[in-house]
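Every chain is named by a letter (A, B, C and D) in the order it is written, and numbering of its residues begins at 1.
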């Protein structure tokens, strides 16, 4: 049994962190200490959970994630192959039959996907002039990466997300069916949409889940359109606002949440701003069509990332409950 | 895009069911009609959800599932292989780095696993004398099976499980560290344990999650012991009681929940009784050590099976919240 | 170590074959006995090999298989996903770096594929009136199938193919660039092509590899065209001629070798004729463009199916050497 | 269809190589030019092939690779999972049945494995003082690595290996059943063994396959013993002799071919010497028991690495033919 040795191996490089880890451009500003791997999921305290549960009035559940299926839109060069492994003949006096399934996929980065803190980082110049390849809280690729999964910042460190959810319905605010590809959602848009929904900006509190509807789930059945080169989304302006509001998680109904291409010319800078610098999570490929139709703008948000040790993300079945 | 044709293909064989499906030994007794694929998850109504949320007082969350990790106990000939797929060089002016992971596994039948209704069935003699290979609600292997997953009874049909949970702590009742391998838990044991916990048997209501602690999670780190040939668990007596109480889901801290080998000489008959005949789900390889230590016998149970289309089961991150 | 028990398990059901196996419509006509699993590869004797090697004069090697690559034409719902698993940091005083790769695929049924004897069978009525689901030599699905691979007729039983190869160049004979989709190659075509090539029909001997060029490899780079609904190929007439000539292996530059759809309305009947009834192998998705350009109609044929235990087929790197 | 763009993408970074690639400690000494990716397989010329075929006298074929099977010895954290994907019901008027298989594995680095030139490299100090992470012929990890496989030095560049093979039978020379774990085979051993076999050292020519029997295949059925921490094998002394003799390929019946641990304290330095510096291949986990019993010391060696684009290695069915 290799679990114990593996754990020891994982812990060893961290043993002397207090002394040896260099100060990066943002680290050691992590609110939860230099060893933290849970990021903004730390904000979901028991009190936060109890308060969020009070939002449930009718028990109506909305599925705000997609079903994982052959032929769904896939990003980049990812694949998704599921096969049935059936028993051909019954066994036992009671003639049992059974089926298993075998999945081969980028399991945390296909379909509705929860991006963990080991998914996106960057090469950053440190105070001593050195270039470091780091992720959240300054963990380096050398510390993190192993062939069989992340040794640091694996998805298993993330706490369950049981919190207040707020949906920001941008097509409803802009009075369009869906946002145009390439459109960057501004902070003014966000404020306008919140006002339309009757939600005070100041009510957005630490630990909340703030989710953006762009209307893009309408295209889920047409992978080429859904995965267009130009996608609507938030930019750095709104990302920084999310950081200020200290949300735990954001998400949307596109495959990246952020505007693409980014007007700054940078590559997914919102991912870096949220995850690498601030430990805030991002859920992609959600769907809010039904929730929006019911004007479900505030709700209990439930999402429990699967704890695949060392994974960069997780498949997810996020729910909005009212 | 093949989603629409696939859906049509899946629906076609069902079109004339009302006329053509034969009456099996139990079907058409399914409470939710001959087309139902959600089984006992139908019992989790909005009212049930609202009532369950009222059980939460402190917001304390217990993880009652295991982390999925290399080297964990695996049943039969199942495998679990996760690999990191990293970007080697940063890209873009902002020098982004990213990692994906690739998983190859019996994704719904490893670690803490939620058994769906396409997982266990049997060959059954029908009223007309014919032998049929069927699963829940009389769906036949011919209707169900395709190389790329189940066309009927896939896990995607199961509703989220947000309900009252009850833990039946058998080692505490029997005053042992854990039950012995091969011991069949009796209904008297269950009643004694409930009495010890101060939970009235009559309080177990339709839609509840009734979970059994055998103490076996203590062995999770020793796969050979955990996967012993002789395992403690419930038998047909307790299974029938679960059916009478109309629970939605059961589960335990062993790899089969039911006693093994079964004293009747049958092969996993409790699986057939619960799933095939009654649409009741089973969660295996859970852990209740922390919950039991806190005497957490009644709680909000949260479990959201991942909707992998056509899968027989799902990985799961079940929670008990008090 | 489970190899020994697995072998025993595999052998047990065969122990009493002499007594219990029923006579099928073709079996027990298998030339190599009721236990044979090597089929027509038995025809490649040492003498045959020595004779075939004498065909080599210049040592010129032709690759007559395709490279396996992302985006290649795939049949049915098969997938092919290869991922690099790199070491991120050098290790050791000599600073070693290494890469592995991880493949998830229908490994024996993608790209240039060697169809083994467990790949195609059929439901057949036996002399006693019973319907049997059988493959080559009467092995039944019950005997053969296990979740982790075939227990009988796995590809590991096939002997290496080192034999005389004959290319039948049909487009050259018909004076077209490539055959039309849906065209059935007749025996007259085959004889005409052989005559044009200066190869006597009577020279085709037991154990030979007889390969058909349809010109279809020209479309390999356009998967939709390559995998068209209508494909040229041989039908039952030519298949029976191959059986009479006692060839060991046939093959072609399409994904099925046989005409599609078959004019008889049957589904891949040539596969059944060759494999199920006569133990003759079929290699698909080859390429003969270069070989044909050099008028390489007779050659040493080299193909060594990879011995993945229990696989239905194998990836292959077939060679023609002159 | 993405094949053409992928090819272009692969070619672009090489376009200006003549100008920009730095001179490494060994590169540009590659005999076959700065763009070469075929390494020592270039030595297998048509003339070499014709000469090798002349070694065949009886046509007797020896399998010198292992069968790939569940439970076989696996190095490091590699996995091998094969699953059967069967059709459950017959289709068509001719009632066809078929099976596919799905494989998830480090396909080129399990079982009998052919190590390609993208498998092992190192961090090397260049003439300009820079540290470069390079493989054969100076290809850098930045040029080579992509998530979906190697863009340079993939196994598809290797030419088929049809050459003279020489087996160096060390246990026979040392009069032991097998070499001891940790024993480094010396050049004196090699010369002694050759002399015993009646093969003149000077007869070993460019392009030959020189294979080492340590007797370790006797342990193949006992994975823990086979994968012992201490393994016999050649060291740098013999590796340099192989380089001088200009062999194309070496190989053995252990999982690394080279002595382990290496007495110099280095990590697999023979791999670096052969592959990274000299483009010479290595085949691991072979078996020579039968060949040695027949005193088969000189033979035609046939090995055709499967051309999985971008793979680091290949499964293999190597043959010795006499």
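Observations
Everything that follows uses one rule, which is that a contact is a pair of C-beta atoms (placed from the backbone, for glycine too) under 8 Å apart; a residue touches a chain by one contact, two chains touch by 3 or more.
The structure presented is a predicted model; accordingly, all values stated were derived computationally and were not measured.
More C-beta pairs in contact connect the chains of C-D than those of the other pair, out of C-D and B-D. Shared residue numbers account for over half of those found at the interface formed by subunit B and subunit C, and the copies are therefore classed as meeting with the same residues.
Averaging Cα coordinates per chain places subunit C and subunit D 26 Å apart.
Subunit B and subunit C have CA centres that are 42 Å apart. Centre-to-centre separation of subunit B and subunit D, using mean CA positions: 46 Å.
Across the assembly, subunit D contributes residues 70, 77, 81, 83-86, 88, 100, 102, 104, 141, 145, 147-148 that each touch 2 or more other chains.
Remark: subunit D residues 76-77, 81, 83-86, 88, 102, 104, 147-148 touch subunit A in the complex. On the side of subunit C, the complex with subunit D involves touching residues 1-4, 6, 45-50, 53, 56-61, 63, 65-72, 78, 81-86, 90-109, 118-124, 133, 135, 141, 144-150, 156, 159-160, 162, 221-224, 265-269, 271-272, 302, 304-313, 315-317, 319, 321. Across the interface of their complex, subunit B is touched by residues 70, 77, 79, 81, 85-89, 100, 104, 141-142, 145, 147 of subunit D.
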